Amino acid sequence: MALNKEQIAQRIALELKDGYYVNLGIGIPTLVANYIPHGVNVVLQSENGLLGMGPFPFAGEESADLINAGKQTVTTLPGSAIFDSAMSFGMIRAGKVDLTVLGAMEVADNGDIANWKIPGKMVKGMGGAMDLVAAAKNIIVAMQHTDKAGNSKLLPQCSLPITGLKCVKKVVSDLGVFDITDQGFVCIEYAPGVTIEEIKAKTAGKLTIAESVHEMKFSE
Amino acid sequence: MALNKEQIAQRIALELKDGYYVNLGIGIPTLVANYIPHGVNVVLQSENGLLGMGPFPFAGEESADLINAGKQTVTTLPGSAIFDSAMSFGMIRAGKVDLTVLGAMEVADNGDIANWKIPGKMVKGMGGAMDLVAAAKNIIVAMQHTDKAGNSKLLPQCSLPITGLKCVKKVVSDLGVFDITDQGFVCIEYAPGVTIEEIKAKTAGKLTIAESVHEMKFSE
Amino acid sequence: MNKVFANAEEAIKDIQSGAVLMLGGFGLCGIPENCIAALVKKGVSNLTCISNNAGVDDFGIGLLLQKKQVKKMIASYVGENAEFERQLLHGEMEVQLIPQGTLATRCLITGYGIPFVPVLAGVGTEVAEGKEVVVRNGHQYLIEDAFDSDYALVKAWKGDTMGNLIVKDTARNFNPMMAMAGKITIAEVEELVQPGELDPNFVHVPGIYVHRIFQGTNYEKRIEQRTVRKPE
Amino acid sequence: MNKVFANAEEAIKDIQSGAVLMLGGFGLCGIPENCIAALVKKGVSNLTCISNNAGVDDFGIGLLLQKKQVKKMIASYVGENAEFERQLLHGEMEVQLIPQGTLATRCLITGYGIPFVPVLAGVGTEVAEGKEVVVRNGHQYLIEDAFDSDYALVKAWKGDTMGNLIVKDTARNFNPMMAMAGKITIAEVEELVQPGELDPNFVHVPGIYVHRIFQGTNYEKRIEQRTVRKPE
């Protein structure tokens, strides 16, 4: 059975390594913070200018002056640092952030990503997404494998306006885990109860099944 | 009689206007701080990263962590701000400093300045001089009119390696005050006891005597 | 050298219709509430607003949009504002979208006297259209220019009468860079203090960058997404 | 994620001969005294040192010069050092002089992931030789590149075990930008504290930029020009 959002987040959390500085986008990526493995210390970077983002505040302790990139009230942690937006994107651009997790509308089998605009509908803007995908050393996309009509979102090429070129390294969808290599999407894990046939049927982009493919685990 | 260094500084101090942010170079320029006219509030910028530089500390209160661009121990004043070297030269480059006063080995009648290197002798380096002359809106040079051998230092063109092109707006020497315009050095004031003939004899660059030329005053 | 103004009305008195403004803040966090209210009251129009966001329908820059005072919006994300959408779709307003880091960096270089900067963000996207591209070390970079604005309106937590500013928490965001980038920078602060009350080591914006300062009043400091956790 | 080292010897253990180092400080103010002493003791040679100054004969980078450990010096001002002069005149050392603001800005863009920056300083001078020149708004600008160094050695006043740094007074100078620019940044601090002891709002260098940190010992903090005024 396909994963729910929490399970996608849980699987992505296994990608975190001790000492990582991590930027988590809005949506499913935000949930990753709830599943950081025991013994793994990571520091969350919020691109509006906060390193060491803590959990939501207790009711009554929220501050209008302390929010994350999703405009949610958050807290600092011991060892946090606050800085301006130029420095925030400076550290992102300089490759100091080890891992960026973000959502996508479409991903192409060469690593192109589209997640900021649907022509003809509302243009909300790219926010920090273009900066993040242009600069991050390691980008994992959390997404649904298909849209509501059942159309694949893992494509030979993006149909929507591009956010960044050849930047996505890995996709964790509700159906499985896919590295992006010269072989296109390389399926290395499938969700419990999901068949390779279903993945093949729902992946429009070039798909390779890794020899070592196995069922997804949620802890190491 | 030609001015001494203190008098050159005293004359330059008349150029300060209330509210100015001023960068004073090493040597005679530093002395300008001692003659700031009453009622004129200026803020001194030291390019190693200090705005609102105060006087030297009292003996016993000096700190190795608080120096000016000449590596002298200084103090802060109420309203001081400290910043890194990138911001310091950022504000200089962005034209936020209203006046820069610095010394020179040579000035040319088109405003070129040379003050960082004597080939064949020791090369000390330009420090912040090239940044300052490239960016300051208003540069006044404090200098001796001639070298020890009596050769003019106000020249048709600099013989020493250039620090910056066409940047000096005014020279205050021991002999007089000279605007630099399309007419070359325009003598607008002469030092008490100095004749126009002496100034003409000791100025190798193009010299114009202003119609309004008059003896220098040291207070307004 | 008096930089202190009585209030927002006095501080923005000379802002005319057609002005190009930078406005600090991220979402509704750290926005110059008093200046925005004064601009609404003054009724200037045809403004170009450079700001990361465009507020919400009834707060922040949204208040200027309601009154149709904005001709052009230069921002990175405007997705919290239905009135914005309506004006955009009806062609009543121009919008130029810029990646957030590029926006921040363009402000920074403006304040540092640097005319342009090469950035990776946007290469191969719509953002690159019409822009100069240079190649270094095998990477393509877009050439992005410094801003040329008339005023920067920023919000700080504390400031002194010499214009030194301290910002608080993530209300820092774009405020320091915009303060540095403004031809005329107007800072509103929650608390205006005398010189000497701020530690020179911990000033976020040196006073040289700030031309006018006033103590704001009646800060609403609205929270856009109030998220809390359960008591433990 | 342990960034804490016992001392300078441990922190610089892997620095090899031929390394390219950035060293913070302006004159003798805010220099990484412990790291320099450890480099002298370790005896690595053929170093390239990027630092605003080269110390004095018997302190700061001058100690490395005495032992002929420096192959190349990249600096803005080196005029306080007779041994430097001797080695330079005898061709024992290379030197590259860079305007101070350009040096600072090149560090900054390195830490901000920007490959090059246009600057006015040096146009029409020896500094411009061999450099690309671009024209914008009628002005010429030199194209100056980011630095590619192996280590940055910086000095701060306080730091926490996560690498966050606070610098003091004008000992700030180049330390924050070099910390940001280092591929591997080693920070020595006068006082090493636990996370939570530094106010997040007043951290000068966020820990993400700092890879190793240790509490230094026996700081001499020599004053180059002791200037005082008369008692009033």
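Read from first to last, the chains carry the letters A, B, C and D; within each, the first residue is number 1.
Following the convention adopted for this analysis, a contact is a pair of C-beta atoms (placed from the backbone, for glycine too) under 8 Å apart; a residue touches a chain by one contact, two chains touch by 3 or more.
The structure presented is a predicted model; accordingly, all values stated were derived computationally and were not measured.
The minimum number of touch steps separating subunit A from subunit D is 1.
The chains that touch subunit A as well as subunit C are D.
The chain with its Cα centroid farthest from the Cα centroid of subunit A is B.
Between B-D and B-C, more C-beta contact pairs join the chains of B-D.
We define each chain's centre as the mean of its Cα atoms; on that basis subunit A and subunit B are separated by 56 Å. Chain centres here are Cα means. That of subunit B falls 29 Å from that of subunit D. A separation of 33 Å divides the Cα centre of subunit C from that of subunit D.
Between subunit B and subunit C, the centres computed from C-alpha atoms are 37 Å apart. Residue positions of subunit A with contacts to 2 or more other chains are 50, 76, 82-83, 86, 89-90, 92-93, 135. Residues of subunit D in contact with at least two other chains: 105, 112-114, 119-120, 168-169, 172, 200-201.
Interchain contacts give a graph that is no line, ring or star and is not complete, per the touch definition above. Under the touch rule stated earlier, the contacting chain pairs are A-C, A-D, B-C, B-D, C-D. The residues of subunit A lying in touch with subunit C in their complex are 46-50, 55-59, 61-68, 70-74, 76, 82-86, 88-90, 92-93, 117, 122-131, 134-135, 161-165. The touching residues of subunit A, when paired with subunit D in their complex, are 18-19, 21, 41, 43, 45, 50-52, 76-83, 86-87, 89-97, 135.
Residues of subunit C that touch subunit D in their complex: 105, 112-120, 136-137, 139, 141, 166-169, 172, 200-202.
Those residues of subunit C whose C-beta lies close enough to touch subunit A in the complex are 26-30, 52, 75-80, 85, 88, 95, 97, 99-105, 107-108, 119-127, 157, 168-177, 204, 221-229, 231.
Interface residues of subunit D facing subunit A in the complex, by the touch rule stated above, are 1, 110-114, 160-162, 164, 180, 194-196, 200-201, 203, 206-209.
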